[in-house]
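Pasting the structures here.
Two complexes follow with chain A in common, the first pairing it with chain B and the second with chain C.
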Partner chain A sequence: MARSDGAAGVATPPGVATPLRSRLRRPFGSRLADTVYLTLAGASAAAAIALVAYLIFSTARETSPVWETFGVWGFLTGREWVISPPTGGPRLGALPFIYGTLATSAIAMAIALPLSVGIALATTVFLPRPLRRAVAGVIDVLAAVPSVVFGFWAVVVLVPWANPGLEWIAEHNLRFLAFLTAVLLLATLLSVGPLLRPLLALTVAGLVLVMFLILTGALHAPVGLLEGPVLSGSYMLAGIVLAVMILPITTAIIREVFATVPTDQQEAALALGATRWEMVQHSMIPWSRSGIVGASALGLGRAMGETIALALVLGSVPNVFGSLLGPGATAAGVIALQTGEAGQLQLAALTALAIVLFVMTMIINGLARILVRRNAGTSRRRRSAAPTDPDAEAAARADGAAETAPAPALVREGAGSLAPVAGIRRLRSGVSETLIAAAVLIGMLPLAVLLVEVVRNGTRVLGASFFTEVQPTDPNAVAGFGIGNALVGTAILTGVAVAIAAPLGILTSLCINELNGMGGWPRRVGDAIGYFVDVMLGMPSIVAGLAAYLAIVIRAQQFSAFAGGLALAIVMFPIVVRAADEVLRLVPGQQREAALALGAPRWRTAWSVMLPAALPGIITGTMLALARAAGETAPLLFTSLGNQFYSTDLFEPIAALPLLIFKFTIDVRTDQSVDFAWGATLVLIAFILLLNLMARLTARLIQGGRRG
Partner chain B sequence: MTTDGSKTPVRVTEDVVVAPRPVASNEPAVADEAGAAGDGRDVPMSTHGLSCYFGSHHVVEEVSLEFPANSVTALIGPSGCGKSTLIRALNRMHEVVPGASTTGEVRLHGADIYERGADPVAVRQAIGMVFQRPNPFPTKSIAENVLSGPRFLRMKLRRGERDDLVERTLRGAGLWNEVKDRLGAPAGGLSGGQQQRLCIARALSVEPDVLLMDEPCSALDPQSTSRIEDLIAELRSRLTIVIVTHNMQQAARVSDHTAFLTIENEGEPGRLVEFGATNAIFSAPKNSRTEAYISGRFG
Partner chain C sequence: MVDSVKRSTLASAALTGAVMMVAAASAAGAGTGSGASFPALVYTDWCQNIGCSYTSKGSSGGIQDFIAGTVDFAGSDAIMSSDQVSDLAAKRGGVSPLYFPTVLGAITVPTNTSAGRLRLDGKVLGEIFSGGITKWNDSRITRLNRGKSLPNADITVCVRSDGSGTSYGFTNYLNKVSLNFRKKVGAASQTPAWTAPRIVRGAKNPGVAQCIKDNSNSIGYVDLGDAQNAGLASNIAAIGKYERRTVRIKKRVKVRGKVVVKRVRVKRTKLVFSLPSVKTISAAGTLRSYNLSNPAKIQRDLVNSTATGAYPITITTFVLAYSSFAKAGKSGSIADTKAFLNYAYGAGQRNVTKFAFAPLPKGMLAAAKTRAAALK
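Coming up: the complex of A and B.
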């Protein structure tokens, strides 16, 4: 706008042009402020991208010994993970861990997906309205429980409780029973109707495959999929724990997908005399099919990246194609357990494994996003698809005149009766509504059980000194010790993470927003940054931890609170950006245009229009990200490492509450030390749930204050 | 439900400013003009003191009406008078909206559709509905859309019967010639007018006793509108039709009886003002409010 001084200035008479031109100029200060604002926004986006790119690059560079020694294909298909064999060099292959990751994820999906669809339906259609929000809220709370808590609970409670049952299954050769279950499952699916017709075909194929595996013994493996011995943790239990962990995510997304089904589609079915279940089947499911598939893919991506709970339940036994009742390891889990004391080649192999995992989750997340977006896209298209073609109508009109309306020949059974539907329709509705109610109950069960146990066991050790003393070193003598050092450590780590992630995240979301407003190629750059943030969002947190380890800790020869905070910041950053971006998008375009039309510079518009409007959302998003970071263990394992003393030095190892629980779960356990860990778990859960509650309340208060 | 014993179905008043509640009786208003003899007629559906609410908000008050067989009854009135709410209450679609409730009766062949034990699903099968916006199932084919009603009813149809039903119903909705070569195509690809006729066909496929149409032409262009009006005229011989319309010419063209509803003041519920044969209402309205609305002086 101010660039037209040159050629245009020559053509106009000087007497007229000069005052006009100077009036059309903006004062230098105002322009400078805009430049500073835009540079800052752009720079923070660039800095975030550069940081992660650097981490990925330096991580990838560490893996070269693996490719040199084993070759890409050799590493990916290597069935052994022997670090120091009696003869020859280490034999390291990724296959056992890829198998473990896929097996646990598959079990988790098979459990979580039907439950999620059921809960999503219950909370959008079937439950009484006041209950819908409550149930959805409980499931959301489940999402806030940290991975290490699930892991601790599973090791201490679930494994001892469930293993006798699994042993029984393994002892009695239950192939016949498994077969029967599969057949029953199939029959239920068929009777519930053509739910997700394409998915049905997939499910049938999957079931047939599972039955085949069960009946033949898995592939070439010496053991069948459901054979003993049942030791500690197993793929089966790990899968069940994982299912509980991904349930909230898939449920939330499927709920959103169902919410996009237009009311008139639902009414169309109801007005034809459909029961609620038939309405779901005929108007909601067909509309949301690709969205549901996308939601399950996002859940799968999340399941594959889950680390700590699986490391604790499953351990790190390379067990390729092993029995589902046996121990094993997932890629993320083995990285968490072995990186700390890995030799050179082993560290390179673990890093390569992290990259394989990252690529796998990236592909799955990418697919998921395409599917969810396509679902939203088709909804919008279908919504607006009402093309009217007057010519065709006119032509058809001439035809139609010849049509006659014949007398009705069809007689409804029981015409005129207003009695409830009976027979098979009633049965189907009843069966499906019962199944949905069961899904809600099963979905709420884990949280209820967990909370009851944590409160019952945790309160035993609580006392004033528990919050002030340092952690014990001897599992047999925990009396008089506490979690004071861990609390301070967690506060410092999350503080560092927020200080890095919040300003960078908010500025990056403003940058995306400004770029989007410009259109053309800047918009595409904005989309690219958004895509990059999505990739970060899907990155398993153990990968962030490993990258910070390789790039900072090894280089500096020093575990440090700063490295831990940075790793947590990498976890927080995309959550903050996404939250801020979503609310910034919701600020009506007219408001922004109103400010710009008044001659407000860009930075002013951002500062006094965009940010205030988006503030509640940004605060909520940041606090939720903080709650997430406070419960993370995986990024801290080999960055901040843990410290049994008080420390506030940013460049020394530092303790953290999740690390403490993790340590007390894998170390030698005594009754005393387990009680101590229950206490720490109670404090961690209370802190995180409180943070969640505050985040939601803050948003509501700010919004309420505005409205009132 | 009150019983005030008033036998006068429509109280005629010249008082425009403070019109008393015109119809507050349980005796349904009867279209008492020539051509619709008072007694012994076939009246499949009637309302008796029907009131509708959204939460505590009273939207329609004590409407009593009769819908004679094989005729078209138009519900007209200014925006916000509750005519769409009223028509949705006639097949229990009103209660689908959160917080919505009704009092009073809607009788179908003498049975109250709101009585205990009456299932909304069964009610909606007997009383079909067509909405303001065409809402075919966009992913299903044209034929599947027509068949979705019978499928809900789990009618056992052989392939031949099915084809027959599709053709018969689409012919009945005046859509057959336009779509007979692409019955398998998704319904989302049809024009707006065709989609609306498909929705009518879908509603007709289960042979309802009554067809409710909630401003069926308001989203359509004039040509599609007149096509639908022709269709209504054809359907009248075999169905009882209730239509809500904003367009008074349309009411005059397609309906046999007309009911005029209005709200007296802001915040009050909609009430029935006048009900009678369409030609009588439009040529010689008894109520000054009706006259004012019809002559375009308000509303």
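Coming up: the complex of A and C.
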């Protein structure tokens, strides 16, 4: 393990009657190195926090005209967004965007969460093994698709597809409501998982109440929520698109969570005679609840911060409490659309909106944190009790959430004899497995279609010159042009982002780790930094872009690769810290203590024990962060701007693949330009996949090397 | 494993070094432009030839970049509002903006109804976009389209979700031809406060074109090139304007106490419909007089132009320059701006028709050239 040069001075024979403290005193040089190391780690954490705090502060400072003109309450409850009215100054209010953000995210979560859980279950339990890997692989690929592609795909493929369905809902809105209630009621009766049951029960109760009110004529509004006309942009449509977008991410995380359920628990349930569904219901879901909450929070954060796709399919019409089948607008969408062109007051209002959005994501993160803590509490109790004492387990279950109540019954049933699985149990399992199969089909269909489209259309334009030539100018004559400049641009932008985010991120995670190891108040400081990183993790990327725009581009009077790289670094930093933190925590405490006990200074422990053990995880985390950054479009629109030519100058505007895709689908759109964009998408996805693959290979190589 | 850490450190150091080296080997560029999406195809084409880079982000975006000084030159179809002008003066050493027209182009009005290509005029368009007409079978529309059956359906109005010079040009036109529109929606604006009851917004011109395609019974405004690219060419409405034309009419005249019917030629004001094309756009450019110091008047004279055979919604688009680059703190940008304008007024004018634009009228071109040479 660790070489303990620093411990040479300590190795005096024991038993000498000198005070322990002075005997363990390390040489000055070693102590100095430690001080340097701790200062460096602390400084980088402080620098990162200071940077973000400064960005937030400088962003917040820009908003003062809003509060002066409209007042805080007036802005938050203003229902209008009229930039140049016939008379008087702009009338700008945040309410339509707050409502729109919540409405679209809620619809997206309502669709994506059950599908994600279903697909994750299918790929860990229900599907045959080879198929599991295939489905999981497709999901991983799709997690790499940048959002601009989803948005553009939604406009050209999904809208014509989905709108007839929405029109049906508009025509039959009351019946649709009844249908929805019936489905949910059925699902609740069949208890589709203890996780969803209380939620479903609440929803059903609400729906029944609403139906009652409508039928008695007391209420008209809810039908209005599903009223026609169905237009090309709508909340419902945007919710569906968002659901498709966040599905891969939430599914991937939930799958990982399910993978951590100990096999002995699963096998025990099966051995007791449980059906596969009962095993899922009683051993997997209770174990994974906090992980699912965490995944939902992340998905919700993504949904709330999504910009480009929503700017394309929502119709951008401020609309509070209007029909969900009519157009609306979201905070992130309006920020993306209007920031680059806004005048003083409008820019201030958009910035204020960014802060409102930031606060909203912070609240969601906070709630998720509380939920995860509470759930982690109960499941930890359960985990510790489970292997030793079955009665304690039953007790833990009973005093845990109510939804685990049937478990003891199962245990009794199964323990008595291996009674044939019959009647209602078989029905429940059958229905549940059918529902899961349906989830896989419904969830995978749009994703599979997208993937096929990308590959089929993308390969059409690929050729040697596609990788070397610069982008075309005439969208009706793209032959002979390529994405060379954008490839170089993306490489440089992500390079700058990694160069900033990786060292800062790793040092910050070490800082958190050291603080946690010290206990007492330093530990609390470490916790605070951790919370801060979580907040950053939930921060919509558009806010990072806006901050970099205000702090760098406006100051320097220059769009630049550096500003773009910084915006991407802000996106990457919290992901790197979180990943590094997680793996550093996993390094066995004994190893660390052993090194310290041998007299190794802190820096050497970190360098020779902690980091090597954690390296595969850190590299994977960094690569994943990089993959995420490589697909970002919105923050680049007003930081790195784009460039028609090859440029390698850090202080000039620079091209990037997502910007190129944006340009040839949103700015101009012809049959040829769309094909060109598909090609660029294919390359971007391949690039991101390559990063993922490299991350995994490196991790495996390092681990393999260690074993050998 | 210590080795592996060392290796990775080396690798990251090498990466950082590579980035720095690449940064040092800076590429030569002839400036950065941003702004108006209306002429973006032409500008990127010109830039390809002279080595600058143009990013289309909308006229409002161009104006903001011009004020913030973040680019070398900016494009805008819109005239800067008084707020924007004072903002510019405050941030850029008291300078004022100079406007350099570059090309002429058309804003089309595609519709999506079962009746195919429609005939519309300024008054009707003003009513539709301000909410005075909400049904396709309104008598004011059917009167212009005899022989076509228009549906009894609500009109969906597709407009821009971003600030846009195309919106400015279109509202500038509607202001000139519809008093009701001016009263309800106000002056020409990049971000008009539309008052039509059923509105869907699309991002950029292709977004509006897509909106028209996706919603039946819809109408919108899109530049000619994007309308063609979206396959809406046969849905572009013919726009009417009143022209003094010589017409032949039958007239009863008394000849030696006897009433006979005779064909005579008279001057009459007649509603003439025209479709956008390079020819009809060019026709609109034949203004009686123009003054480059008054760009608002140029835009205003171009729409609903008095010239014969002119397409009514014709606009020009400008490159913005500072009245003094030195005072604005942008001395570094003057060469790039001049280079762009030189090309625009020289070889550039010849290849605009392939993007459905028309070259500047000769007189205006000469005047603009002289003015560009005098930039300081």
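Everything below uses one rule, namely that the second predicted complex is superposed on the first by the 492 of 708 C-alpha atoms of A that agree within 3 Å, B and C clash if a C-alpha of one lies under 4 Å from a C-alpha of the other, contacts with A are read in each partner's own complex, and residues count from 1 in each chain.
One rule holds in what follows: a residue touches a chain if its C-beta (ideal position, glycine included) is under 8 Å from a C-beta of that chain, and two chains touch if they have at least 3 such contacts.
The shown structure was predicted, so the numbers you read here are calculated from the model rather than taken from an experiment.
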Touched partner set for A:N457, first chain B, second chain C, both or neither: neither
Chain B versus chain C as contact partner of A:I666, first or second or both or neither: second
First (chain B), second (chain C), both or neither touched by A:G233: second
More chain A residues in contact [chain B versus chain C]: C
Contacts of A:D649 with chain B and chain C, given as first, second, both or neither: second
Partner chain in contact with A:A502 - chain B first, chain C second, else both or neither: second
Which of chain B and chain C A:T330 touches, first, second, both or neither: neither
Touched partner set for A:T633, first chain B, second chain C, both or neither: neither
Touched partner set for A:Q344, first chain B, second chain C, both or neither: second
List of chain A residues in touch with chain C within their complex: 3, 82-87, 155, 159-160, 163, 229, 231-233, 311-312, 315-317, 327, 337-338, 340-344, 347, 473-476, 492, 495-496, 498-499, 502-503, 553-554, 557-559, 607-608, 611-613, 615, 619, 637, 641-653, 663, 665-670, 702, 705-706
Residue ranges of chain C touching chain A (in the complex, touch as defined): 1-2, 4-5, 8, 12, 15-16, 18-19, 22-23, 25-27, 29, 32, 34, 37, 40-41, 44-45, 47-48, 51-65, 68-71, 81, 83-84, 87, 154, 156, 161-163, 183-187, 189-193, 198-204, 206-207, 209-211, 214-215, 226, 229-230, 329-330, 354-355
Partner chain A, residues of chain B touching it in the complex: 91, 93, 96, 98, 108-109, 111, 113, 115, 117-126, 128-129, 131, 133-140, 148-155, 165, 168, 171-172, 174-178, 188-189, 191-195, 199, 202-203, 205-207, 209, 219-221, 223-224, 227, 234-235, 237-238
Chain B partner contacts - residues on chain A that touch it in the complex: 129, 262, 264-275, 278, 282-283, 286-287, 382, 385-390, 392-394, 396-397, 399-400, 402-413, 415-421, 423-425
